[in-house]
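Here come two complexes built around subunit A, the first alongside subunit B, the second alongside subunit C.
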Partner chain A sequence: MVKLKRIAVYVFLTAAALVSVFPIVWMVVSATNQSVEVTKGRLIPGAYAAENFSNLIQTIDLVPALINSMKVSISTTVLSLLIASLAGYGFEIYKSRAKNIVFNILLLSMMIPFASLMVPLYRMFGSISQTIPAIGIDTLTSAVLPTVTTAFLIFFFRQSTKMFPKELVEAGRIDGLSEIGVFFRIYVPTMKTTYAAAAIITFMASWNNYLWPLVVLQSPEKMTIPLLISNLGSSYSPDYGIIMMAIVIATFPTALVFFLMQKYFVAGMMGSVK
Partner chain B sequence: MNSKTKGTMAGSSLFPGKLSINSRTKSTFIGWSFVITAVIMICTFYFYPMIQALILSFQSGTGTNLTFVGFNNYTRLLSDSTFITAVKNTFIYLIVQVPIMIILALFLSVLLNDRTLKWKGIYRTAIFLPAVTSLVAYSVIFKYLFSNDGLVNTMLLKFSIVPEAVNWLTDPFWAKITIIIAITWRWTGYNMIFYLSALQNVDQAIYEAAKIDGASAVQQFFKITIPMLKPIILFTSITSTIGTLQLFDEIMNITKGGPGNATTSISQYIYNLSFKYTPDFGYAATVSYFIVILIVVFSIIQFKAAGDRNG
Partner chain C sequence: MKKVLMLCLSAVLFLSACSSSDSDSSTSDAGADSNKVTIWAWDPNFNIAALNMAKEIYEKENPDVEIEIIENAQADIVQKLNTGLSSGTSKGLPSIVLIEDYRAQSFLQAYPDAFYEMSGAFNKDDFAEYKIAPTSVDGKQYGLPFDSGVTGLYVRTDYLKEAGYTLDDLQGLDWQQYIEIGKKVKEATGKDMITLDPNDLGLIRLMIQTAGSWYLEEDGVTPSLAGNEALKEAFEIYKGMMDANIVKPNSDWSQFVANFNNGDIASVPTGNWITPSVKAEASQSGKWAVAPIPKLSVEGAVNASNLGGSSWYVLNGDSAEQAADFLGKTFGSNKEFYQQLVTEIGAIGTYKPAAGGEAYGKEDEFFGGQKIISDFAGWTEEITGLNYGMHTYAIEDILIVEMQNYLNGKSIDDVLSDAQAQAEAQLK
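So, the complex of A and B:
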């Protein structure tokens, strides 16, 4: 009986693991096969990876989209981390009643769904377009700005700052560092793990962001990766081999970031609920 | 922003570490200068647009031609069949998908928390793997897998599980099922990681004691595991609920809301009202306020429910 239960556990876990992995394996395998083979249901790797890749590069603007996505994700990550960590540090180290009230008000913004922001934001950037076209509609800047500051990340940094030894701040002051000096010279180097976790969360969210870029980026040369994949996915006569190759390449940066920094990612997820 | 921080640096380094008469005001000033950028950004890109949306929700017209219409948009909601369908669909996703996913994630995490289990790391990584994929990418993959002549139907027919191909994307009922399967695939492992980390903090001695007292595995699950994990279950159910109420990427890329409006979500309807049909920003803003209210109500209900069981 005990043994039977044991087997059932392994069968169940193996089934769950297979179901979880299968679509991803199918994606990678299909990227190495011809479109016809994919539709026939071929599940073993083929020899068409190179051909799919060169067709992809020739027929689809994948490289410009990758560059756009890189620009958007990297600038979002750098700005997010800077703004949110300054704020998280400020709210915790210079605690005051008034600041706590402001902090709680900021947290309310987590309840606001993006769907309700998109119309007013679109109109806001529309009117900016008329005076400063460089940051208006259809610019990468407009794709970055509204997503840069999230209450979640401020909250995340504030929670982590609670574990930062306050004596270090005092020690820094005694050593003659200015307040901002303490932040950059002591806090930032000490909190590397927190920054790493925040960077992964922000980079992945930005790389995969779909709705706002869809609204604000209109010309084809401004397209980011999710917009390109979505367009490919809705084509009427899809070449599965090429599309799967595109998805594999598009998923690669986030998968790489994730596997290199896996332990920080889990630490980050948990940090947010502590 | 840069000039602001530089100013602070210069100001405070004049008297490093020294107390002066106005040090209190100065320290207040320094504290605020750390948080001011974030406060301005959140106000500009969250609170100000919400006020704009509220004003918009009392206006109507196409594009920039807007006139005040009072509560017309709000009464229009009640007789708008597409809106009602979108709300219904969203609730179906919410009521069916969120509980299935949370129970499945809890179950998996309890199985994986067993110390004597082999290949634990492999199972954990495999089940978490879907959470690494982008929403658009996995949606496109699911669309292909579940298309009429897709791999799922091919397999089901090959092993004679179904007599004829299932219309996974083109039948109103099955299209909803496909969306639910897709979301469950993407998020179960993600939630499982939260439970696993929480379970690792539960003292094993509690389980040992329960075993000695003769508690079965099922009893241990309901009497120990669930109560111990309650805060994290609450956290994951709130985030999942908020996520489901905002569902967009999957709908857009798997079914485009179809067939008809059988899978449309509220977010997709707002998008269509603003950017697909003749833009009616005023009415779109009204619909969007509906989601805000739903999120607030659901969060309160879930907090209350958790609090009551606690007391």
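So, the complex of A and C:
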């Protein structure tokens, strides 16, 4: 009976795994086929990987876009981790009557869809452009700034901080550390799994971010990877082989980040649930 | 972990330092330069290729003008343009933008001050008449018409032959006859006549334009669904196709293309811009032909229609005059340029004087030696002109749902009057 149950579970899991892996397999296989074959639904790897790749390099400026995406994603990740963890730490460790109200307002802001903030944000950056063009419209900085922290990330850090032993903070203070010292010397090293999980989430979100970079980045040399991929599909007769090759390449960095930090990620997610 | 963090931090400082320095240099020169014309368009093989040819011609005569062509997907351009225009900041917007004809009026009317009037830059009588209404407001010409969305009935002559038809049998068809032919073809070959995506009513749009009708009244804002004879007939034909079991459904563009590349369907009634996709399957060379599009049976309907197509618009700004001059001297009046467009990228314009040129009369072996370009150019001039108005896609979203209700058995008059009520409520 137990054995039967186990078999059933494995059959179900295998089916679920196949369903989730299939799109990825299809993407990789399609990257090695000609466009016509892709639309016909061919599922066997073909011999056109090299051709698709060289066509891709010729049609779009892949490397500059990858570098742009890297710049944006890494800056966003580092800045958001710093800001969100400081905020989450502050919300949990320090006592203040207003803190729960402020926190609730922050959580409410999660409900506002980004699309509705876009026009006012664009306006803001438009007027910033008049005075400080370096962070105005059409700069990579402007693609980073509105996303440097999210209410979700602050929430995530606050939840994780709940299981951070407060005694450590007091011990640090008694031993003469400043408040900033306590944060950087005690909190940050203890919470590294949380940081890893947050880093993966933020990096992926930023790497795949589409709407805001689309609106704010104008020059071709500033475009990030998702924008270029969108352009590839814009044609009346799109070349699916090339598009799939581009997506494979664009997926690679996020996959890499995930696998490198996977063990911390799982630990960090578990931690926040406890 | 600490080391990693330090590394990341220093990397960011370094990166942000270099990113801000290079943005400095480019923003300063993009500002008030009236000799720099930036253009947004989509499709590298079509619009962008056409722009590059125009740029080459224009820059030869005007070496001091810099033309920058930026490629964006169509949906992206709509998004960027809407955000930019509604925030009232001209920063970051291009000098010239390509807009699809169905959407043009909503931009022109929502942002009346944003567009530069082009009446002086070219002669609108040189262009196909049906392009003028969507590109102008109150008699003022804002858009310079570009590609023709003229439609044709792409057919597999080999399948038709098996069913006992020749290309001559397809001249001057109406849609009812088309269904009859479809049934015979299915009987003889087992192939479906047409492939349709239930979420795209392009076929309905194409049908009603053969009768000079649209989703909206001539004013461009009042929905005209209930009591619209052409629309009613188009819906009935659509259902007729479904009932006759000659439709192979598709759910997106790639399946749509796959269905004819695979040889699963016998005909594709659509815009001429599909030609490259049809020709992509080289093994089918010689098996295709293009017939005139079938028409509705309402009075005044013609065997010519349009699907898609877009035009160039100039945005007000420092370089507006320069931009208008660029368009006027290339897309607006250069007959040779249009010959080049046809031979090199297969783009059929709506500039009438170009139709007499040599390139238009060329035979295409893929289509059994048919002179498809000159056929398309001829049909372009027969298309009934329409004001597509403001809300084409909003109404279509309503109709997509109502079409499903209709296919499930709701009566046609209820379907259209319900759609009318919804459209009126939504577009108030």
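The working rule: the second predicted complex is superposed on the first by the 234 of 274 C-alpha atoms of A that agree within 3 Å, B and C clash if a C-alpha of one lies under 4 Å from a C-alpha of the other, contacts with A are read in each partner's own complex, and residues count from 1 in each chain.
Just so it is clear, a contact is a pair of C-beta atoms (placed from the backbone, for glycine too) under 8 Å apart; a residue touches a chain by one contact, two chains touch by 3 or more.
On a predicted model such as this, the values are computed, not experimentally measured, just so you know.
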| item | value |
| --- | --- |
| Overlay on subunit A: subunit C relative to subunit B, clash or fit | clash |
| First, second, both or neither for A:Val215, with subunit B first and subunit C second | both |
| Subunit B versus subunit C as contact partner of A:Thr39, first or second or both or neither | both |
| Partner chain(s) touched by A:Gly136 [first = subunit B, second = subunit C, both, neither] | second |
| Partner chain in contact with A:Ala15 - subunit B first, subunit C second, else both or neither | neither |
| Subunit B versus subunit C as contact partner of A:Lys192, first or second or both or neither | second |
| Of subunit B and subunit C, the chain that contacts the larger number of subunit A residues | B |
| First (subunit B), second (subunit C), both or neither touched by A:Gly233 | both |
| Partner chain(s) touched by A:Tyr89 [first = subunit B, second = subunit C, both, neither] | first |
| Which of subunit B and subunit C A:Tyr122 touches, first, second, both or neither | both |
| Segment of subunit B that clashes with subunit C, given the candidates 167-175, 221-229 or 239-247 | 167-175 |
| Footprint overlap on subunit A, comparing subunit B with subunit C | 39, 41, 118-120, 122-123, 211, 214-215, 230, 233-234, 238, 240 |
| Complex interface listing, subunit C residues touching subunit A | 1-2, 5, 8-9, 11-12, 15-16, 19-20, 23-24, 26-28, 30, 42-46, 70-76, 79-80, 83-84, 86-89, 91-92, 94, 253-255, 257-258, 261-262, 273-274, 276-277, 280-281 |
| Subunit B residues within the subunit A interface of the complex | 1, 5, 8-10, 12-13, 16-17, 27-28, 30-35, 37-39, 41-42, 45-50, 52-53, 56, 108, 111-112, 114, 117, 122-123, 126-130, 132-145, 149, 151, 154-155, 185, 188-189, 193-194, 197, 231-232, 235, 242, 245-246, 248-249, 252-253, 256, 266-267, 270-271, 274-275, 281, 284-285, 288-289, 291-292, 295-296, 299 |
| Subunit A residues within the subunit C interface of the complex | 35-36, 38-41, 59, 70-71, 74-75, 77-79, 118-120, 122-123, 126-127, 129, 133-141, 188-189, 192, 195, 211, 214-216, 218-222, 227, 230-231, 233-238, 240 |
| Contacting residues of subunit A [partner subunit B, same complex] | 9, 12-14, 16-21, 23-24, 26-27, 39, 41, 83-84, 86-87, 89-91, 93-94, 96, 99, 102, 106, 109, 111-124, 145-146, 148-149, 151, 154, 173-174, 176-181, 183, 207-208, 210-211, 214-215, 225-226, 229-230, 232-234, 238, 240, 243, 247, 250-251, 254-255, 258, 266, 269-270, 273 |
